[in-house]
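The same chain A turns up in both complexes below, where it pairs with chain B and then with chain C.
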Partner chain A sequence: MGLYVLRRLVSAVPVFVGIATIVFLVLQVLPGDPVAMMLGFSVTAEATARLRAELGLDDPLWVQYVRYWRNLARGDLGRSMSMDVPVAQALWAQFPATLQLTVAGMGCAIVLGMLLGVLAAVRHHTWWDTATMTVALAGVSIPSFWLGLLLILAFAVHLNWFPITGQGGWERLVLPAVAVGLRAAGLLARLTRSSVLEVLRDDYVTTARAKGAPERRVIFHHVLRNALIPVVTVAGLQFGQLMSGAVIIESVFAREGLGRLIVYGIMQRDILLVQGAALFLATTYVLVNLAVDLSYAVLDPRIRLGAEAAR
Partner chain B sequence: MSTVPKAVLRPAAAHDRSPRRRVWVRFLRHRGARAGAAALGALALIAAAAPWIAPGDPAATGEDRFLEAPGPVHWFGTDDLGRDVLTRVVHGGRISLVVGLVAVGVAAVAGAAIGLVTGYYGGRLDNVVMRGMDLLMAFPGVLLALLVIAILGRGLVNVMIAVGIADVPSFVRLVRGSVLSAREHVYVEAARAVGLPDRLILLRHMLPNVFAPLLVVSTLEVGNAILVASSLSFLGLGAQPPSPEWGAMLAAGREYMRTAWWLTVFPGLAIAFTVLAVNLLGDGLRDAIDPRLSRS
Partner chain C sequence: MSLRSLVALRGMLVAGVVALSLAGMPWAETPRHASAAPAGGGAIVIAIRAEPDTLDPHATGSRRAYAVMKNVFDTLVYRGPDNKFHPWLAESWEHSADGKTYRFRLRRGVRFHDGTPFNAEAVVFNLNRIVDPATRSRTARALLGPYERSRAVNANTVEITFASTVSPSGLLDSLSQAWFGMVSPAAARAAGADFGRRPVGTGPYRFREWRPQNQIVLERFPGYDWGSPAFNRKAPALGEITFRFIPEDATRVAALERGEVDLVQEVATDAVERFTRNPTYVVVRGVAPGGPVIFWLNTEAELLSDVRVRKAILHGFNRNGLVRGVYQGHVVPAEGPLSPSTWGYTKKVEGLYRYDPSRAKRLLEEAGWTPGPDGTRVKGGRPLALRLGDLFDRRRGEYFQANMRQIGVHIEFRLVSSAELFGMTRRAGDYEMASTWYASSDPHILNLLFHSSNVGTGFAISRWRDQTLDAKLAEAFATMDDARRAAIYEEIQLYIMERALLVPLYAETEIDAIKARFKGYRLDRGQYPELFEVVIQD
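On to the complex of A and B.
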């Protein structure tokens, strides 16, 4: 087990190096002069030269690359020009808000997705099935930012059940979490349905029913336990997608977070801020996927034993 | 004579069983596919005929009809500048469909070209390119698109490029996978043995093999591209005012959400309807081309 974890951790290192290198190259592939782009067009040659020297853009590429890694090792992602604070500091300040929204969205996706999926499978070929699967398909097709606007319109503007926008308190988290999670809920509902339908045909389910077990016990005790393994796998892998969804929803609900920071960075042409946020989010994405992988190895011995046997 | 099966007596029956015919029949029997194709066809028709269906200028402002609710004259109401929302939604369809098709078209062509070459030649080139693709896939699609826009700047063309670049790795993987299995087939070996140049083997023998899965994934990706592009326009990074792009319309309408619900509802409905149609068509194509992949 320890060896498997170590191997997976080591395999994530080149991915991180690659991501960091791509993000480093962003500044190099900017069309034209990146400094002119950052400063705008009405600046003096002196100011441009000063910033070029400050960023070390006159040095050879490999010198810049080595310096980039040295700074990265110290957690230094540069200084945001528009906010006049270190980029890392700005990112850490916004990260908890994005994480909170992502986790809430994930919870919403799991509860809603599994509930709809089980309902559709148990009431197979009835209007319940059709209705829940239609909701699931709509969840995949509706743009999350539009859903966010509709939720605001219905539950905040007209019904007045929730505050419209902003931060703080669970009541300000409910609508954005539903907007972030509905797409994943649609996917999970479809997956749960097909998984439960498959397990319902298994012999041990027939046996349980033949022994006179109540239907509720059959579903919750026998069917769900086995049907949910693939669902949990996909749910884990959806986390990264939800995080990028949260990035857009933050703007809809005027919430703080990394998404709003990136949009602000692009608007202000603050390339270092955008670079840092992209590296931060991509690294989080890789780490989450790694954690999901490792958790399966803990939960399902076949995965780690299979990996060890394949060696 | 009476024991001869009827199918033998009807030469057309043999033709009925050709793989292409079977796919077509399965496609026509698929309810979702029919609905998706019909809806998408109608949308394309409306978008193409926009200047005749909604003859007004989508950017023309009206002096005495600000924020009018939907009614007999303006079915979808008017916006804060007195512009007819229906005219703008109809014209916006052109933009969204073009953005989706161009972004995915470019990604599919680039991805197919890279996948064909790396899959066919293999070796170090394949290794390097695929590691690069793995890295690009490590970025969530929206994040990669945001990064590209940070480099290229705001604007609809840059959104198309950004969405296209974010899509390339999935096409490369798909095509490379198909080529890897196809290149071991006897007919490819035969083509090589008779001295057919690699270029022709790739175009004549490999490309037709990957065409079906490429078509399915491309269709499904068009829906995703429309979603991402409208999200970026909503954030102010894509189409700019006064463009009638649906995402940009939603961004402009949110200011008046309390008083003018129609500015929030209709452009979003148009996006959802289009993406739903594309997804239904894509699902239907997938089920028709490879029924084993069908979702139960």
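On to the complex of A and C.
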């Protein structure tokens, strides 16, 4: 078990190095001169040269790359030009808002996905099945930002049930969470449905019914317990996807968060801010997937045993 | 959204809502009003599209920052809707005959939000701060032109000296803009680079809070009574102003409809009708002065070096079709290098290039461009294909592309980032056409956009190098008499259009929607929100 964890941790290192390098290089090859943009109307040759020197942009690429890693090692992502605070500080200030939305989206996805999936499986081949699977298909297919706008029009403007913008209070979280989570909910609903259908055909379910157990008990006690194992693992893997969805939805609902910070950084041509945010998000993604991988080993003995047997 | 599609939508989402739609919805009975009145005068919540970079007036060049800053900072003079200059922090002013020395007599009894007094020393500090390279001024420094020095003649008189002549209307226009807002020297020294995050001025509102990615809140400055005589009151009525950053067009509009905000800036043209028909709202619009939205023609690009080709492009473009078809008539067509609302604009540019595709085709034939097999004209085996880069808006470029196809000009249209646009327009070989828009309340903006010294900086994108034009621009800047100055700018506008250096599209139009219970709202000269005279009447 310990060895499995160690191997997974070590394998994450090259992924991180790759991400950091790509983030560094992408900003090098972007067209346009960021320095000239920062200076605006007052752009002159001297001012440009001074700022370039200040940012270290005149150094050879490899020097900049080495400096980039040295700073990273110290946890230093540089200083945001536009906000005039350390980039890491700006990111940490916005991270809780994005995390909150992602977790709420996840909750929405799990509750909704499982509910619809079980419903569809239990009422197999009825109009319930068709209807819930249609909703699931819509959830998977509708782009989240468009869904966000539809939710605003329907539930905020016309029905007047929820506020639209800003932070604070669970009522401000509902619509963005649905917009973030519906895609994953659709996916989980389809998965739950097929998984439950499969388990329903198993012998022990027939046995339980033959013993005269009430249908409710059969479903919740015998079927769901076994049917949900694959669902839970897929749900974990959806977390990263949900976070990238949250980044887009933040702008639609004018919420605080990393996504807004990135858009702001792009508008202000704040290179270090955008670079830091990209690195931060990618790293979070890697860490979440790593955590999911590791939790498998805990949840399902077959995985770690399989890994050790393969040696 | 129609009722039927809404019902269908409800049906679609009903399963998802079932868990959430608890009967009653206690929090939803009345929408939380944005303007729950605080002490005295009430509050206003304004939805703006983007967050300012900084609230340091001397450093920034952002229009969103301007809208906030003009409430926190006062300027020496105020330019009214009548285009005239009125006293504000300066009570009166005079200048030497050669236009190199200006004296401003300052109002007494004015203090900054931190309690320090506003006086001639403070003005000197402000002007020196603007020209200090460490300030990294994006706009104010350029507007201050040949500034040499300033000194406090006495506590309430300041003298500014320029190295060469500066016209009074040009200087006063600069000084009337929020980029020249007077900052507290004590606060600026203490805060250093952080000043833009906690600004201190003499304005009617003082800074309270800036929550990144969320909002900026200002509160009325108690004791403020030095509003410009151009206003109908000495102090503002509203007690609090909140600027919320809502990037999505549809969300901004929905937030107003639901009552989360009271005023929306930059209403998308397709949403204007909804507010115009509804008496609960008032739509306020204004045509921004300065340059219009422009498709530049790069005269140093081989394909556009022939003036006949450039003129053909101008004649082949159906400007009114664009304005009516794409923007539903909510913008004003522009036919010259200045927006029609700019002081010094000449109507003589109108009708110079009427939409006339057959004339356009004739001009191209004369220039030796003949139709090729796919409809695109060719000359010496080379197709007439022009690269056009534009920011933000895809629709105008695609409309233009369709127009040009009819006269046999192929447009390779691309949406680019501002950094990319700025980069490519600095090198002659990287583009044929590009789009920019710069607002300004003085025609001196033409210097930035056409003077040969600005070729290659990303501003003078038509790359026209011409000593006659340069001389005229310099002369206009230094002409003391306003009528004579306007006459020179008229010559310049016609000179530019005769040489077909650009395709003017339309003047950018600010469209705001505000709840009707807020009375007295207008846009100022630069089309920024003017909140000083706003009162709430239920």
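We take it that the second predicted complex is superposed on the first by the 301 of 311 C-alpha atoms of A that agree within 3 Å, B and C clash if a C-alpha of one lies under 4 Å from a C-alpha of the other, contacts with A are read in each partner's own complex, and residues count from 1 in each chain.
FYI, a residue touches a chain if its C-beta (ideal position, glycine included) is under 8 Å from a C-beta of that chain, and two chains touch if they have at least 3 such contacts.
Model, not experiment: these values are computed from the prediction.
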Simultaneous placement of chain C and chain B on chain A, clash or fit: clash
Touching partner for A:R50 - first (chain B), second (chain C), both, neither: second
Partner chain(s) touched by A:L173 [first = chain B, second = chain C, both, neither]: neither
Which of chain B and chain C A:L187 touches, first, second, both or neither: neither
Partner chain in contact with A:A235 - chain B first, chain C second, else both or neither: neither
Partner with the higher number of touched chain A residues, chain C or chain B: C
Chain B versus chain C as contact partner of A:S141, first or second or both or neither: first
First (chain B), second (chain C), both or neither touched by A:A88: neither
First, second, both or neither for A:V29, with chain B first and chain C second: first
Partner chain in contact with A:V218 - chain B first, chain C second, else both or neither: neither
Touching partner for A:A120 - first (chain B), second (chain C), both, neither: neither
Location of chain B clashes with chain C - one stretch out of 58-66, 112-120 or 202-210: 58-66
Touching both chain B and chain C, residues of chain A: 30-31, 37, 138, 145, 149-150, 152-153, 157, 251-252, 263, 266-267
Complex interface listing, chain C residues touching chain A: 1, 6, 9-10, 12-13, 15-17, 19-21, 25, 27-28, 31-32, 50-51, 53-54, 61, 133, 136-139, 141-143, 193-194, 196-197, 211-215, 244-248, 250-251, 254-255, 257-258, 260-261, 416-424, 426, 448, 457-459
List of chain A residues in touch with chain B within their complex: 14-15, 18-19, 22-23, 26, 29-31, 37, 137-138, 140-146, 149-150, 152-153, 157, 190, 193-194, 197-198, 240-241, 243-245, 247-248, 251-252, 262-263, 265-267, 271, 274-275, 278, 281-282, 285-286
Chain C partner contacts - residues on chain A that touch it in the complex: 30-34, 36-43, 47, 50-51, 82-84, 90, 93-94, 97, 111-112, 115-116, 131-132, 135, 138, 145, 149-158, 160-167, 169, 171, 174, 178, 182, 185, 250-257, 260-261, 263-264, 266-269
Chain A contact footprint on chain B (complex, rising order): 131-132, 134-136, 138-143, 146-147, 149-154, 223, 227, 230-231, 234-237, 247, 250, 254, 257-258, 261, 264-265, 268, 271-272, 275-276, 279-280, 295-296
